[in-house]
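Look for chain A in each of the two complexes below; its partner is chain B in the first and chain C in the second.
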Partner chain A sequence: MLRLPRFRMEVPRTLDEAARVLRELGAGQQDPGTTGMPGMKVLMVAGGTDVYPNMKRRQLTPEVLVSLRRALARDVRADGPSAGVTIGAGATLSSVSAHPVVRSRYAALAMAAGLVSTPQLRNMGTIGGNVCLDTRCNWYDESQFWRTAEGFCMKTHPNVVCRVATSSPRCLAVASADTVPALLALGATVRIQSAQGERSVDLGELYREDGIRYLTIARDEIVSAVELPPAEGWRSTYLKLRDRGSFDFPIVGLAAAVRMDGERVAGARVALTAVASRPILVDAAAAALRGSRLDDAAIEAAAEAAFKAARPMDNTSGTIAQRKRTVSVFATRALRELRERRAEAA
Partner chain B sequence: MAKALLTLRVNGERQTVAAEPHHTLLEVLREDLGLTGTKHGCELGECGACTVLVDGVPVLSCLTLPSEIGDAEVTTVEGLAKGPELHPLQTAFAEEAAAQCGYCTPGMLLSAKSLLDHTTAPTREEMAEAIAGNLCRCTGYTAIYEAIDKAAERIREKQPAGARS
Partner chain C sequence: MSEFSVVGKRLPKVNVWAHLTGTARYADDIQLPRMLYGRLLRSPHAHARIKRIDTSRALAREGVVAVCTGADMPERMGIMPSTQDEYALALDKVRYVGDPVAAVAAVDEDTAYDALSLIDVEYEPLEPILTVEEALTREDVKIHEDSGRPANVFKDVHLEFGDVEGGFQRAHRVYDNWYFFEGTTHAPLEAHSAVASYDGDGKLTLWTSTQVPHYLHRELEKVLGVPRSKIRVVATPNGGGFGGKSDPFAHEFAACLLSMRTKRPVKFTLDREEVFYAHRGRHPVLMHLRTGVSAEGDITAVHFESYLDGGAYASYGIATTYYTGALMTVTYKLPAYKFDGVRVYTNKPACGPKRGHGTTQPRFAFECQLDQIAEDLGLDPIAYRERILQPANSRTVNGLRITSMGLGQCLEEVKRSTRFPEKHGLLPRGKGIGVAGSAYISGAGLPIYWNEMPHSGASVKIDRGGGVTVYCGTAEIGQGSDNVLAVVAAEQLGVLTDDVHVVSGDTSLAPVDLGSYSSRVTFMAGNAVHEAAGKLRALVAEAAAAKLGVPPDRIGLAQRRVYDLADPSKSLTFAEAAVLAEARNGTLVSVGSYKPPKGISGDYKGSGVGPTAAYSYQAAVAEVSVDLETGIVTVDRITEAHDCGRALNPPAVEGQIEGAAYMGYGEALAEEQVFRGGLHKKPSLLEYKLPTSMDTPEMKAIIVETIDPEGPFGAKEAGEGPLNPVIPAIANAVYDAIGVRFDETPITPAKVLDALQKSKSRVGPEGLSSQRDPKAALRRLHATTDAREKKKVM
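Here is the complex of A and B:
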């Protein structure tokens, strides 16, 4: 039996209570860069599909788990056909991918949420959990036995080198959430709650190019909701490369969204996952598309920009060359698909 | 750490059990309730052998803590048969040799039950999606699809006309 380490569970009933519990436990003072991930004594958990396996492998060994299952909203709220939507962070990936408004107006998100792992894990995992997903690496996501034999890495033991590139000053673990590039392409913001109050940040500002301190928010700040702006005129898609057609994390993920004004591209966003320690919104790709007729030349320029932005390392499946090339192939396919498709909101 | 008293609804019965608070639903089902039909495979959420239904939805018991599911109804493979009468999926799996070593079968049956609860005329694609989280290393899946097809057909035959979906 691969058992969870012992821990104490707190199950607050409301977000306010959760924020208070996290402050009282001193969760915000924790810094995984100093202690390593196993040194984090207070952790939040929602669906548990990533936290519990990591605990079983002793990558995480919290003393207290704060379960957000009761406190988080889990509904998808659309206030009208021309308004945006608010998704409670506790909404399961199954419910997000099946929601009629998400499917019709935010296709990239419905596709990305529907491509996460397996049906069982999508029934359990939440959108908030996916947004805050721990970074992954071949040297980190291994059993305690394997890591004891092969040697630990910087992400669990900060005084040890990065095993992927031994001279790297930072951890190179990979951002691996499927829904994040889709949400970035759709212009999402996240609502964050803590004992200090509530605030909203652009989703892109939530991440940092560091495999250990991959989130910019403090460890007592709760991502409580994801908000999407009105989708009128936008069309979007998501493409994913993984080892097997089901189960696996992405080794490349690309989301693209465009808004046409007549024949011309009025707005565009291209976002990547699994090719760096943070998800990447490729501004140069958007710039190459804006004002164009979404013609082959503009698509090629955008694909080239996405290719340049991707910086995969040799720490997940596939080779560096394959994954970089896939980024440009996916960008081309995604943008051609959007050119063919009718505007979803029309 | 002391054991805690838990009340769970399993296969239609309310059960109170003293269990370690850090034990998963899989561990409590197998070790404390004696329901060993639910299998432990990878225990990391990768194989689907431990699949159970919580309020009819397939989830992995190896990554579920009993304290989180509250009053929800848990269905394990032991809850599929009604007395001596097997569920149509169980009969069809036996007839079509959809189990070889049998280790994935309890989880496979529950994923398939959830599918047939939603539609009694699933396409092959819907079946593939429904069991995408259940690894089988023996059958190659063909016999499993055929068994699900056969069970669906028998369920349809039992349904009154007009109730078919």
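Here is the complex of A and C:
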């Protein structure tokens, strides 16, 4: 089998210590857009379900790995039914998907976390890791041997073209985290910790439409927790397109959340993953739904907006046409499901 | 009550605990003192000349003990003696991305891996040939310069039987369709692994996950220049083979040579990506099928053309080519048949035998076309097939002898089990049901090298405690071959399979068996053990008869007892009887062997591929649901009946049917060994879409027994045939569901969606020239490379 390259492991015990170690190592000065992914010499790792395979394939060749296993909280904290929840970034995807409060109030997140890869990987993989998941591309997620034969790509060698579209000025690797569209639909913010202190950002602001510099935060900033606002009145769901019933990353992921005020939609969010380099919160879809009775016409308009927002490229499994079409089918199905669930509840 | 005490009983397999608990010792589990770890350097070019190899930097690396290259083993080799076109390591050219070029032995895996980058190879890149069309036409680029055939043709065969022209003239209608079957790979869970150990006395032992220890033994002698008497090959339990471990491989030769050089054991275990390059999997085949039918639907003539994309080397390709044509005749009555097959070289990993070897692709084409014919005739597709069945105990138009033939019973069983006629054509849109039949061989009628010796030999020994040991050169690849041998020996001797030890896959300890390929073990090795154990049975019976004072023909053997059939209270234990027999006759060891009978084929060039002592038959029904909005096809259930002659162990037969149905399901809907500009597009188990347990359809396996007159206790094969009908059955079910004929595999959601949106009635190739633009991938590769170069300059 492929083996890991040699590296050093730091295992800080607290978030403060982790932040200090990352600063001392100069992690924040790293820019994958300049060096390529293998050029980053200090990386964080939590569950390791994505980092280690990528290291075996030499997509990542860090000199130091800073393990956050000890430093990160891993609990799901819910302060009563009218409050939101705070999920420690170290919480495993299994524990998130199984948590009773998440299941009852944040269904889309429970579903998305439960659809990541396999049970074994969900037992190791964390919510924080999924939020920061490296972008994917079938020209990039290959072994060192394969990429050598191909001649490499922009994501590992910034002086080389993007293989997906040779004229593209940027890397077209794909955002592929299941939990992110669910979190976006649920209005999540993330808490960021670094040696400079702590801050919160809307999850949507964490991402950039760039397959290399896909995160807006510096490489010494730690996503320490995911915070969800109170869910009162919201219903949500997540649909995932993949080739098989297990293992596979999404080639379309769609989350929808709706809050009704009487017969009318008071709030709505539709979010996508795996159809661009960043996850997309489809504002036009939300606008089409707001104020409607969640009738077929409004759903169709929202689905059309989602269809337009999706810009898949030919660098995952499936085809562009299939994935775009599935976005609109999923939007329709998700919103109808939420309408029916409401009818059942009533 | 059954006449048997072991045969047909639902007993656990003899090696089941080792396999289930992981204690079976696979090749990679072997650890020897002072063992070195090997790794192969592979070509990054699809097609290139090797100008120079310099291993000095690698050799200078601390921890590297030895390095070898093609020049160290310049002997041609290959599984088929008539088409040897490979070298253990590439000699002057590389012919696909992944072609092994050099090998390193080092003190640990990391050092071996790192050392690869220190081997300097200078290549002169050549234009790669990537499609059948290019291979057929490009005289200017030759993958094998000395092949002696036009362009990049590896082999072309042309056979004609009966009055083909007259048959087409007589036809009421001629169906003329093109089909394409995509290449797939075996994806065994165990990656290939081998450990070689060269001892001070000049003897070499190779433990390896091979299906063909005997053939490998021959090639090792040839390539290493070491007499076979000094080499011992041990086939370790294979963690799945499916045909993918039936060739001699680079890592096996490299392990041996490096062990001889270093006088230390050397282990090679391929990583998953390398398994995709080792390949030897299902050929992509473009097919042209013309079938003439009378107004009643009787077939008047068939003309079948196959174009096989063989990849870079021969492998079993000559047999594969013939197999695409040979077995078309053994299922339904064909009065006239013409076959043209062409296999070409391309710069991709070599294709070879995968479960159903060469018969899977034409069966897909034929059964899809029969579905269309039945529809046009207004006949139920099962009723139509039943009407045109080739009879038992007959000869086909291409001279193949058929004995037992249970396709009719198989069709009847699946019809009854699924209530097919109540569903076919009657389900709501999006739901469908489809059927297909097929056949396979119980071992190839001829060995791969010409000889008059047995195909399978076995010896059986009884020890003084009543234990029985069977020695046979078969390879246990997880299919249960050891268990088959144990069942046959136990039934003959009246003991239980628990009492039988099986020593298999060892060229020093066991008589030659040609290997675990072409579904030959049950029939051939089963018959060899049957004969050997039968001889001992006679000796034990005679000794017991003398002791009990009854005539030998009144002696029965069962349940570890030897008894008077007329009065079972008069008996001895098997161990007591064995001791008496040894006292009378000396050491209780006997031998048996098997060779298929003569006269089972026609007499023409090419008649050697297709004959077998007995054909297995099978029918499958698939029931599917198609999501009309996403194009996703869900196979809800596969019901398959298989004529295995007699089930020596019913759960093992059912397991083979289910495993084959699963494999066929994957090939029908998702799996594809595809390339982008010479590079494998999906060389991982994440991207190569092997179905998971979550996807696997509900399955029902039905055993049909026709009690073959020549099989051991009437048994025939069960390992490969059951794959064949599943793929066309699914395609036919999809047609029933949405009215779209899928004349190509795999039937992916993207293709289904596209067909539905564009209201297509058919998805498939139009012919040779309209296959996907052959040069698109290459142009794209050039474009990206050019763009990169430009960018570098800027």
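The rule is simple: the second predicted complex is superposed on the first by the 341 of 346 C-alpha atoms of A that agree within 3 Å, B and C clash if a C-alpha of one lies under 4 Å from a C-alpha of the other, contacts with A are read in each partner's own complex, and residues count from 1 in each chain.
As a working rule, a residue touches a chain if its C-beta (ideal position, glycine included) is under 8 Å from a C-beta of that chain, and two chains touch if they have at least 3 such contacts.
A quick note: this is a predicted structure, and the numbers were derived from the prediction, not measured.
**Student:** Is A:V11 contacted by the first partner chain B, the second partner chain C, both or neither?
**Tutor:** After superposition on chain A, A:V11 lies in contact with chain B alone.
**Student:** Should A:A149 be classified as contacting the first partner (chain B), the second (chain C), both, or neither?
**Tutor:** second
**Student:** Could you figure out whether chain B or chain C reaches more residues of chain A?
**Tutor:** C
**Student:** Could you tell me if A:D243 is touching chain B, chain C, both of them or neither one (first, second, both, neither)?
**Tutor:** second
**Student:** Once the structures are superposed on A, label A:V329 by its partner contacts, choosing first (chain B), second (chain C), both or neither.
**Tutor:** A:V329 sits against chain C, while chain B stays out of touch.
**Student:** Between chain B (first) and chain C (second), which does A:R293 come into contact with in this model arrangement: first, second, both, or neither?
**Tutor:** In the superposed model, A:R293 contacts neither chain B nor chain C.
**Student:** With the two structures laid over each other on chain A, which partner does A:R103 touch: chain B (first), chain C (second), both, or neither?
**Tutor:** After superposition on chain A, A:R103 lies in contact with neither partner.
**Student:** Report for A:R20: first if it touches chain B alone, second if chain C alone, otherwise both or neither.
**Tutor:** After superposing on A, A:R20 lies clear of both chain B and chain C.
**Student:** For A:V161, is the partner it touches chain B (first), chain C (second), both, or none of the two (neither)?
**Tutor:** Touch partner of A:V161: chain C, not chain B.
**Student:** Applying the document's definition of touch, where does A:G318 land relative to chain B and chain C: first, second, both, or neither?
**Tutor:** second
**Student:** Would you mind listing the overlap between the chain B footprint and the chain C footprint on chain A?
**Tutor:** In chain A, positions 1-3, 6, 245-247 sit in both the chain B and chain C interfaces.
**Student:** Which bits of chain B are touching chain A when the two form their complex?
**Tutor:** Contacts found on chain B: 1, 20-24, 27, 40, 43-46, 48, 51, 57-60, 62-65, 67-68, 111, 129-130, 132-133.
**Student:** Under the touch definition given earlier, write down the residues of chain A that touch chain B in their complex.
**Tutor:** Within the complex, chain A touches chain B at residues 1-9, 11, 48-49, 52-53, 56-57, 67, 69, 117-121, 123-124, 245-247.
**Student:** Of all residues in chain C, which touch chain A in the complex?
**Tutor:** Touching chain A from chain C are residues 42, 44-45, 97, 109-110, 113, 191, 269, 271-273, 629-631, 670, 679-687, 689, 691-695, 748-750, 753-754, 757, 783-785, 787-788, 791-792.
**Student:** In their complex, what parts of chain A are in touch with chain C?
**Tutor:** Going through chain A, the ones touching chain C are 1-3, 6, 138, 141-143, 145-146, 148-151, 159-161, 163, 166-167, 241, 243-248, 317-319, 321-322, 325-326, 329.
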